[in-house]
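Structure record follows, encoded as structure tokens.
Chain nomenclature is as follows: A, B, C and D, assigned in order of appearance, with residue numbering initiated at 1 for each chain independently.
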Amino acid sequence: MTVRVGVIGTGWIGQEHIRRLTDTVTGAEVTAVTDIDAARAEEVAARTGARVHASAADLIAADDVDAVLVTSWGPTHAEHVLGAIAAGKQVFCEKPLATTSEDCLRVVEAERAHGRRLVQVGFMRRYDVGYRQLKEVLSAGSIGAPLIVHCAHRNPTVPKSYTSHMAAQDTAVHEIDVLRWLLDDEIVSAQVITPRATSHRHEHLRDPQIMLFETTNGVRIDLEVFVNCQYGYDIQCETVGETGLARLPDPAAVAVRTGGTSGTAVLQDWQGRFVNAFDTEFREWIAGIAAGEEPSGPSAWDGYAATVITDAAVRSLESGGPVVSVDMKPRPVFYGGAV
Amino acid sequence: MTVRVGVIGTGWIGQEHIRRLTDTVTGAEVTAVTDIDAARAEEVAARTGARVHASAADLIAADDVDAVLVTSWGPTHAEHVLGAIAAGKQVFCEKPLATTSEDCLRVVEAERAHGRRLVQVGFMRRYDVGYRQLKEVLSAGSIGAPLIVHCAHRNPTVPKSYTSHMAAQDTAVHEIDVLRWLLDDEIVSAQVITPRATSHRHEHLRDPQIMLFETTNGVRIDLEVFVNCQYGYDIQCETVGETGLARLPDPAAVAVRTGGTSGTAVLQDWQGRFVNAFDTEFREWIAGIAAGEEPSGPSAWDGYAATVITDAAVRSLESGGPVVSVDMKPRPVFYGGAV
Amino acid sequence: MTVRVGVIGTGWIGQEHIRRLTDTVTGAEVTAVTDIDAARAEEVAARTGARVHASAADLIAADDVDAVLVTSWGPTHAEHVLGAIAAGKQVFCEKPLATTSEDCLRVVEAERAHGRRLVQVGFMRRYDVGYRQLKEVLSAGSIGAPLIVHCAHRNPTVPKSYTSHMAAQDTAVHEIDVLRWLLDDEIVSAQVITPRATSHRHEHLRDPQIMLFETTNGVRIDLEVFVNCQYGYDIQCETVGETGLARLPDPAAVAVRTGGTSGTAVLQDWQGRFVNAFDTEFREWIAGIAAGEEPSGPSAWDGYAATVITDAAVRSLESGGPVVSVDMKPRPVFYGGAV
Amino acid sequence: MTVRVGVIGTGWIGQEHIRRLTDTVTGAEVTAVTDIDAARAEEVAARTGARVHASAADLIAADDVDAVLVTSWGPTHAEHVLGAIAAGKQVFCEKPLATTSEDCLRVVEAERAHGRRLVQVGFMRRYDVGYRQLKEVLSAGSIGAPLIVHCAHRNPTVPKSYTSHMAAQDTAVHEIDVLRWLLDDEIVSAQVITPRATSHRHEHLRDPQIMLFETTNGVRIDLEVFVNCQYGYDIQCETVGETGLARLPDPAAVAVRTGGTSGTAVLQDWQGRFVNAFDTEFREWIAGIAAGEEPSGPSAWDGYAATVITDAAVRSLESGGPVVSVDMKPRPVFYGGAV
């Protein structure tokens, strides 16, 4: 059985995923596309053989659309996801699930009302081989109960449109999701402190930032977000447990000794770093649909949690760095919670 | 366009590749299978929806077979490959291309007579990300002209059926192919010397062995083949050039500090080590066929060269370790040579 | 010229340094010892040929004592150092310079009144090859202006006598001193947060602790102090600058691949980790005295600064984790300051 | 007790060791020097307070010389060592012990006749922390019986005076000695093969060279000697045993990430690489003399063995690369042998 996917939003990331579903992932076909820029949708459709729909609603309703992929502008995500839920179709929504926690909750409520999971949110790190190895080490108890996590998220540069809030909302959000999953624990407070700023940044931007999180179990996380580090794209994650520590591996790279240095190249962008994770993410999503299963990836609840936690971080940054409690509803039983 | 593949030989490796073509590689479909064990062929067909053919000849001739995959017993390879060439169909042949250099040459001659490349031989290392990075470093001139290559090929253990000759024929053959490609150079002599034997081996087996090769350009290669090294599956390759050296990376692995040791796990089998290389190998093979291109992977000539070089190594081992010249025909222009 | 050293305090660390001055460092001789435990002093003297003095005052005054080494109980340090200053003799004082900031200031004032530096405090990390390399990298501007420092100080276990305050006073104090020197910057605030406690600790002890420091230049330091980490003695220090990062190396160790793991042994105690630093520290101290120079190592002011900064950290720990300003006097011109 | 050392030969290496015995090693004093260049001897004496002797014979005979250090021109070594033996004084001879195996044997015979060990040869690698760790790993049986050793000895460049023979005599000789000691085994044959030559060499020089050795126990050693490798001074040694492998560590170095590369600096000369080994070598030599013990370092026999093994390597190189048996006398019981 081939899963027929309709794609809402044919910008850069939408095109990336269309290419992925077409060329890399087996068992999928992109049959429908739509975009607020109709010309762009036409152009993408022409290349892929998909049909263009005039609206997201039409696309969601189409008979030849088994599942929906939302890669449109962030503020429109919630509406499209709600539309897919209403149609009873599985929907993969690129992060964020919604731009406000209220909208995230509306999705959560709609899905609960539907009674089965339909929504998956695009946090791809859970599909990275290194993070999966790390989770295995933790689950095996090889380093005992986790106590501390040291992380860094570094980009070589960011465009001028990148604002201080985006350090939490667009950048740290990946660590927030993957750490909740890695630790199987919830984040209850956030704090952002601002070191001396790098001179290699746009005037308006606080960079670097250090984010501190605490979990229900008392695990302390420190996350350096440094988006103009100049030297490369570099993701670090070290978990310290009661009897040892485990560290996310750097990508394998040829070691070269020349000119007085022994070194390896550092990647320069996240696409190269996480391309395999994206592939696996979609491979598992499609396979699940083909098998008639509910999605096993990041849920609407995870999308909600990420939003309220990043909200707390942004509030701390805006207020000059206090510890801010995460204002999260109790997790419903439907999402594995106690309530 | 979907490439319809017929598979000759449904043993373990055949089933692996059928699964790969079905689940992992897009644009392919296994439409036909055959095996000398008809029951096994039926069983595999039942799982995949392929049609069972009574003979390889029937399968090759079938209208719904665009390309042929040969994963049968080694001594039958040449016959099936020749059959596919006669039918004008592309054929992927698992190593070896043939068990004798004479049979390899028959394939080479048949393909030349056909006038277009149809044959690809299954040397998957050329598709490994690490080797490809290494080739890029060499091609970029980052370490100058290569002078020496140090290699090791270690397996934790081998079954009792593994004989001393197989160290060259089944094990070193991977380095032989990948080094010819990496260096863009030809191997002209081989020598095998035998260190003190490990006590962790079957009585009849010479293990470890050190193989020394020389190339047309005078590059010297030393290759340790140690198939009962106990500790893991470990592939090492270090190229020393005029201005530096470059080393194949170990697979990325979580670093763990616990119990007084800082360490990473070593892989235990080649499947884990080269699974991505196998996927890429078939992905590129299928994409080439779909695009109407000749195969770009290891050619019939490469299959012939690997066989005559391993023959030289085996002759050195049998004769107590002298340097043995490789008895290779001049490379035809058809395969990029001067003759 | 041989520098004749009198040693006040012949406990474990005193004996270590006597052995070092006798066997490892050239140009020194231990001519005098004293201890509140007279029998122990006699025993040490018998082994080394030193003369036993009934009191520290006698030892300091002795004609055959050119310089004084204070390795007695912490609360007596200030008195002995003041005595040496009064006698106009150079004095090496093991950390702490004094147990209160008031006593540290008394030493500072006495030395200023004397008009030449006489005091060196025993912070040995500044003499570690790795830290010195790190300082060179920073000084060369290879990573730009420092913005953030990530540190960890881990011991496998501590005895029951180790209290929560000692995490700052005895353990973190080494990072506090070496980071002030490494960054050539002053620490202006301290904060201690307490992650989930390890179960491998004595009941009364907060372990691990995370200490956060800020410097005059806005550099943010996070320091994990984990003194029951079980797996080994492990010192980490990574400085993130505007254009790159530099990391303190782990001690060189033989890499072993066996039993499915590729690993190196982790040291189990600080003696092994810093033995060379101790040797260099005393070699340079003795050489300076022999050359008639003022001490170039950590000064009385550095001893004072370390004490007031650890005081701030302890206050934060006691108060539940607020940011505590460091209550430091302006640095006198005598010690390189502006006042 | 201070050991009074007389130094024959005050060239660069002699001055290095004089500085070492004066400034770094405790318990030693250089009381006498001599050199064929009398002016140079005077100059060195003036700096150190040593007395100048008109001849080596005078120096050896002097009452204030307890032990002799030979750092003169290689061809004179044997004569001075024999003189010291005749005087019954311990003598440290920089490599080589003698420039011919016959002269080495004369020293061996003279020492045997004397009846106690007096001679130590300056192979400093046995004192390197890394090699000592490696020997501990082997001795502990952590990797089982050794089967193969892979080595590399690389220098960035050599002066024009360096000839092809020196690759064995001056460079590989260090590996030859340290591997005999590491493996506790004897080398029985040598072979030199010559890869494509680097263009970064003087016309007359074969560079790189690959040396192959076999030991009594059948261990096979491959040693790459590459003295114009351009990128740095780099010493590699990996021992493969029945159950694992162990690798000499690279020197600890600060890891820097900047400009798209994660790297460490490679040392550029052997002085930096082995400075600690030299210090330990002399510290142990002096301590042994002070304790009235025979020397425990490389013996006259080791000096003889190194010479006959390098002779075999040179003969192989001159003859175009055949395997050459090492023409070694049976090891006398006096040196731990069976004869």
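Please note the rule applied: contacts are C-beta pairs under 8 Å (C-beta built on N, C-alpha and C of every residue); 3 or more make two chains touch, one makes a residue touch a chain.
All values reported here derive from a predicted model rather than from experimental measurement.
S.K.: If you tally contacting C-beta pairs, which comes out ahead, B-C or A-B? Let me know.
M.R.: A-B
S.K.: For chain B, which other chain has the most distant CA centre?
M.R.: Here the answer is chain C, farthest from chain B.
S.K.: How many angstrom lie between the CA centroids of chain A and chain B, rounded to a whole number?
M.R.: That gives a centre separation of 38 Å.
S.K.: In angstrom, rounded to a whole number, how far apart do the mean CA points of chain A and chain C lie?
M.R.: Computed from C-alpha means, the inter-chain centre distance equals 45 Å.
S.K.: Using CA atom averages as chain centres, what separation in Å is found between chain B and chain C?
M.R.: That gives a centre separation of 59 Å.
S.K.: Of all residues in chain C, which are in touch with two or more distinct other chains?
M.R.: In chain C, the residues touching two or more other chains are 230-231, 243-245, 250, 257-259, 264.
S.K.: Mind listing the chain D positions that touch chain C in their complex?
M.R.: Against chain C, the touching part of chain D is residues 22-27, 129-130, 133-134, 137, 142-143, 243-259, 264.
S.K.: Which stretch or stretches of chain C touch chain B in the complex?
M.R.: Contacts found on chain C: 230-232, 234, 250, 257-266, 268.
S.K.: For chain D, which residues are in contact with chain B within the complex?
M.R.: Per the stated touch rule, the residues are 144-145, 147-148, 150, 152, 193, 195-200, 208, 210, 212, 217-220, 222, 224, 226, 229-231, 240, 242-245.
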